[in-house]
Amino acid sequence: MNWMIAAPEIFYFAAALWFLMLSFFSKPDARREHLSSLLLASLGVLVCLASVGSQGYIFIQAFTADIFSQVFKVLLSLGLFLIIALCGNLPDVGERRIQDFYFLLFTCTLAMMLLVSAGHLLSIFVSLEVSSYSLYILVSLRKNQDFGLEAGIKYFLVGTFASGVMLFGMALLYSSSGTTYLGDMARVLPGMIDQPVVVIGLVLTLGGFFFKLAVFPFHFWAPDAYQGASNQVAAYIATVSKVAAVAVIARVVAYAGQESTYFVHVLVILSVASMTVGNLAAIAQKDLKRLLAFSTIAHSGYILIGILALNPTGWSGTIFYALALLAMKFTAFLVVVELAPEGQNLQINDLAGLHRRSPLLALALMVSLFSLAGIPPTIGFTGKFLVFVAAIERGYIALVIIAMINVVISLYYYLLVIRAAYLLEPSIELPALKPSMPIKLLAGISTGVIVAAGFFPYPLIRVAQAAAQVLLVGR
Amino acid sequence: MAYATLAALILATFLPFAAFLLIMIFTRTKPALSARLSVGAIAVSFVCSVLLLTQNWTAPGPVEYSTQFLASSGLNIQFGFLADQLGLLMLTIVATISLLVQIYSLGYMAGDPGFSRYYAFMSLFAWAMLSLSVSRSLLQIYIFWELVGLSSYLLIGFWYEKFSASQAGKKAFVMTRAGDVAFFLGLFVVLLNAGNLGVLELNGPAARGMPHEILTLSALLIFGGIVGKSAQFPLMTWLPDAMEGPTPVSALLHSATMVAAGVFLFARLFPFFSLSPRAMGIFLAIGTISMLLASTMAMVSRDIKRVWAYSTISQLGFMIMALAAGGYFAGVFHLTTHAGFKALLFLCSGVFIHHLETNDIYDLGRLGSRRFKIPTISIVIAAAALSGIPPLSGYFSKESIITALAGLSNPLWLLAGFVGVFLTAYYSFRVMFVMFFPKEIEPEKVHAQEPYDAGYRAMAGPLIVLAAATVLLGFFEAPLKNFLAGIIVIDLQAPEHDWSHIAALVLALCGIALAWFEFGRRGAEQVGFIDKIPPLYHLFAERWYLDHAYRLFVDLVIDRGISWLLWQNDNKVIDGTIDELAGGTVEGGRISAFLQTVMIQYRLLAIFAVLVFLAFYFFFQKI
Amino acid sequence: MHMEPANLPYLSAILATTVAGLIAIMLIPAEKKELIRRVSAIFSGITLVISLLLFFSYDRSMGGFQFVEDFSWIPSLGIRYTNGVDGFSLPNLLLTGIVFFTGVLTMWEMETRVKEFYALYFLLVTGVFGLFMSLDLFFIFVWYDVSLFPMYLLIAVWGTTRKEYGAMKLTLYLLAGSALILPAVIFLYFKSGTGSFGFVALMQSGMSGTIAPWEQKFAFILLFLGFGILAGVWPFHTWSPVGHAAAPHAVSMVHAGVLMKIGAFGVLRVAIMLCPVGWSYWAPLMAVLAAIGIIYGAFVGLRQTDLKYVIGYSSVSHMGVVGLGLSTMSIEGLNGAVFQMFAHGIMTALLFSSIGYIYDRTHTKMVPELGGLSRVMPVASTFFILAALASMGIPGLANFWGELVVFIAAFRTYPTLGVIAVLALVVTALFMLRVVQHTFYGPVNEKFSHLQDVSFFLGIPRMILAAVLVIVGLYPSILFDVIHTASAPFINGLPK
Amino acid sequence: MIVPLSHALILAAILFGLGVFCAVARRNLIMIVLGIEIMLNSASIAFVAAALRWQNLEGQTFVLFILAVAATEVSVGLAIIVYAFKRTGSFDPGNYSMLK
């Protein structure tokens, strides 16, 4: 049992420990903490990249490291690095809590990495809870308490409720299959998928993960959490935790879920519901982050389409979509963070005159929003396209048409935001925005990635397909 | 030899088009140069047409060149020239009269700001009309038919500052376009059934194969085009309004050449039309109605140009009656002579209008139009020819029409012919007496000198030429007859109904006598017998209320009716539903957004409710 | 349908030029307006030259797809970057080149945010060029939406009347169209069993019947409605007048001149050529909608008082003629339809270009407020009147031939609809002349008496368009020969 | 087995229902956390029953971890709720409706 398989986890555990020690012994200094966290995060990315090829099991398949988990670990570490890059000046988190903030960030990422490579129900449960609890606290860490606290409470309550549901589901699964290892389940469950206990157990288990992905019934926390949390934490939730959620759902459904019309119908109902609710609610939003929250809910609906297709193109489409979501959401939140130096909540109309204040940020916002809407030359469209190809391969034409109609509705509110950025003139003359060099670089690169992956997505698709192979082998 | 004819044809037709392009693009700002260009081009065309006419005077059959056009579009349409006797005759008429009118316009239009634009449009018209007369296929005729309509629109609305001019132009174009659409449909029916649009083919074998009722239908549809262009019964009211254009334009287009295009087409397809007697009967009826209607309107009109416009409609009605009655030569010969003396009438009126700046015949009389010697003499000659007084050309052509009408079984048409001759004589000499024997005159104007400046001379020249032509043309009846015999076997020795000629002459003289009695006499109060019966007077003056009917139709049915209905449909129904849909989604958005802000307990309850529903769905779906 | 590879990648060269132009404009600082205009003029000029070169060096005798470029793009889904041009797409390519170049020149006097305008304008035209030349369904869809991408901003920022409403309505409408196209395209991809998005492969499977009849019918109606929305098919046309009126002149030139052709071209290329059985099933519906469109456009046009609305509705009427041509399932029908697409594109571009000039001077588009412009600016009015005459179908100008051939074909297959469509010619003449009369003729009103006529330089774009209208009008077989090389083999190859 | 597995599962399901009812019924944050605790325990019962049925210890280990996680959950939850109580002075979830 060589420990090198878990190298990324060990590294992030050490980084978390480092910040814990700092919080005990040294006086918090924002500048230094930010630089050290940036360094650690970039090292973490390198470690994950190095360990992409490692294969193997620890604790008898409880911790499995395969190409699927390693790809996702790279995504998670990359996401963390990008978010920390945004935490240049953290006005919203008090000076005293800077170290705890970074400690919690690293712990949460560590937990998600464990979640991604979990092969056993128990390790899934524990790592999911650890990541959720660290997120509850991160959300409540906001300086102006009333927002942060309310969001934290709501997030906590819905989260624990969902984990209760998940646990009950796992119990049902365990009682019907007799094993808690995903690998064994894959061999035992196929015969009895039509028994009520098994299928409802599976649905309830997925409930916990749907909470993380903000799918329809469990999405109530998302708008309040995004609006309540500070911009950087909201960015973290929107990007990194979504990627982890997709990974764990894909793994559980690929191993445990079988070909059953009922199961597919449930996923179709949830997907359509979350798409419609997300898109419709987003139309009436005034707060930008709350709008992005609803758009995430809608995107979870599109991801579900990829999952419910239950075929190889479906899996690679879903993985590609997770990657696309990371890129798009990050660019959108980059603009949000840059536009709110005091960390206040941005209204849509605060975007007025952005095209004059900083053309680059306006372009980044436009490209990311068009990509979120799914207009072709962007990564968002390729993601949607792959997912729709998978769905139509299984013959769900009506679902794809409903999804496309939702795309049209979503374009409406994205255009409202773009309208605000390009058309509206601010009432009071705002100073021209001068984002720092790294931020400019970051915005440029991310916009470039979005458009390039839209035009020539093949390398990323190949990565997604390689990762998807693992899910099929497990059968 | 063949190449010479082809070269001459191409030169005759395309030179004016070249002149048009040159003027429009380059010499727009240099009036003198554009006038010279245009007149030069039409002069060359005139010379070519005369040469062609004389060379082919004795030629056996039609001279024809055609190339395949638009082959790649899957249709077999011949494009080229058909220089047969009728074509060459028409070519010469159009060329001569265009030349004369363009020379006349040098004087008439001098100093007009749009001078070069005027000559550009005149050349455009010349090109279209000349090419129409020698077109090879029906489609080619249709194309130049539309271009002639376009040039008439541009020339009628030449003084576009005057709202009435642009209104008249628009009215003319839309009415002729209605006729053209009928012609277009007729074209399709023929193309689909006979498979070919060549004029020779249609007159020849191709038409034999067509079933009878298709033949009548296509003949009627094509006649729709003729009705539109030659202002026959239903679509006639645009011609009087077309008098808004400059007088030379009225002389050229709206009397001699353009409106005659309809009659020319009738003559061109005469063998094709004569295949269906029922159609010919209908044409006869329409010709008669428009002839009678127009002459009644002419009797009451006070505007000199409108009188001649109504007279043109009625003479065209005469020609169509002649052709419909089988008198091919009569129709064509009347077309030739009418072109001559009607142009002369307009040009003389033009001189009076140009110098006295009024169109009203009573004012013209009062301001002493007698003192213009040449125009007075030539207008009297032209009016006499119009009424059919021997030895002028009008008498011979009208006599051949009367003969053709007499040949018909039903005497009704002959009677209508006689009434027409009487009314024509009456209204033409009514104008003469009012203008030259005015009741009260303004002394100082009457005795002023006749202005012999350059402009006047440019106008007087063409008058003299046309007057000579009106006098001499009558004697060319015989040579013309055997020239045209080439196309249709004309029974040269048609039985002479000499009693009908004498009757026609007597009626003409009675007409003149009545006109003299009411207008010419020393003590006459110069009020027509029609003016004494107000309801009849208003009926004729209002053009039998045709204009009201059209305006009502356009206003109620088109504007207020259909387009309002469709616009409401567009605005309310289609846009309405879409905006409603959008509003609905936004409202739905507001509701679902509100649902997200509900208290925590309700959220947990909602989650649980959905899970229970999914569970039940399992059992529901199982059963 | 053979594919003849190109020695030089001309087609990608066009795309490369537009993208290079886009990048060049992005690099120039915003205040150097004159430089930006010149650079965009040069780049658009290059694309025009290349498209002309392509048009005249296309081998009429061989036909089929020429100048073909083919690189694999996403092998796993069988998507290849293939470009090729045939009789149908060549005229449209040339049309786009001409309208693009003249559009750039028409906006020469604009002052507000010039850099962004030209950047978005280049992006719009890249999408249009891409769609006309690509032979891969994935790329046809991608380019379709790329041309949609900048549309909102172009109209919302630089537009005129009710611009935000118009921009939003137009963008959502067109995206709703694409919402129908994507599922159908993927559906065809799977049903054809060729496992590739390649157009030629799918066409063979469509022709040979591997795609079952009911599938072809289902895919055809989806594609027809999807692309039909963009082509202004009758019930879905309401965005076009609003969009035209709201858009700035160059955008409405490209918008009406070329974007509506994308819709019609899409119906022809994707719906008709891939699902012939569907086409024969749905053709009567297409014909009825097209005929209604012709009548509808003409009649509703009568009531408009805004110049651009009038042109918008006349475009709906002309696109109805194209629809009628496509629905006749005959060689003449297709020839006439594609010819009419070209002719209408040039004519609408000329109309909008002249309205642009008038609007820049008089700052009003409302017909009642205008009047007597012909005396004040004779040259500018002549351009508009020439285009108005073309729209009425006067022989000697391009539209006449398109309408003639379409009506002949329509008369053969749907006589009643043919008659109705021809009757609409009278109404079109009435409302066009009414507009010309109220705008240009009549007494000169003093508000506009001080305006000066169009200078030579500003006249260039309009002169080019007018010249093309007349040349194609006098010698239509330049276009018909090219179109025929594509329509004849396709119709003859149809399974009976 | 003393009692067939299905009976135990039904018991766990009823307990789960009670937990949900408790969480939803009372307008008091503490009671919600309490309700969720009950739900977790119902899951433990199900696990124990399943472990007995399949004669392996995995179910038991699961229960141990559930207890541990429940403990952390309560501590974190109460920390936030108590802190919120200190600031707003009430446990009523109704007055936390600032985020619109």
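Lettered A, B, C and D in written order, each chain numbered from 1.
Keep this in mind: a contact is a pair of C-beta atoms (placed from the backbone, for glycine too) under 8 Å apart; a residue touches a chain by one contact, two chains touch by 3 or more.
Please read these numbers as outputs of a predicted model, since none were measured by experiment.
Across B-D and A-B, the chain pair carrying more C-beta contacts is A-B. Per-chain CA centroids place subunit B at a distance of 96 Å from subunit D.
Distance from the subunit A centre to the subunit B centre is 78 Å, each centre being the mean of its Cα atoms. Centre to centre, using the average C-alpha position, subunit A and subunit C are separated by 42 Å.
Centre-to-centre spacing of subunit A and subunit D amounts to 26 Å, using the average Cα coordinate of each chain.
Across the assembly, subunit D contributes residues 23, 32, 93, 96, 99 that each touch 2 or more other chains. Of all residues in subunit B, those that touch two or more other chains are 597, 600, 604.
Of all residues in subunit C, those touching 2 or more other chains are 172, listed in ascending order. Applying the touch definition to all chain combinations yields A-B, A-C, A-D, B-C, B-D. Within the complex, the subunit B residues that touch subunit A are 585-586, 588-593, 595-597, 600, 603-604, 606-607, 610-611, 614-615, 617-619, 621-622. Interface residues of subunit D facing subunit B in the complex, by the touch rule stated above, are 20, 23-25, 27, 32, 93-94, 96-97, 99-100.
For subunit A in complex with subunit C, the touching residues are 313, 316, 355, 366, 370, 375-377, 381, 385-386, 388-389, 392-393, 397, 400-401, 404-405, 407-408, 411-412, 415, 418-419, 422-423, 456-458, 461-462, 465.
Listing the residues of subunit B that touch subunit D in their complex gives 597, 599-601, 604-605, 608. If you check the complex, the residues on subunit B that touch subunit C are 24, 69-75, 139, 142-144, 146-147, 150, 153, 157, 160-161, 163, 165-167, 169-170, 173-174, 177-178, 181, 184-185, 188, 191-192, 554, 558-559, 562-564, 566-567, 570, 574-575, 578, 582.
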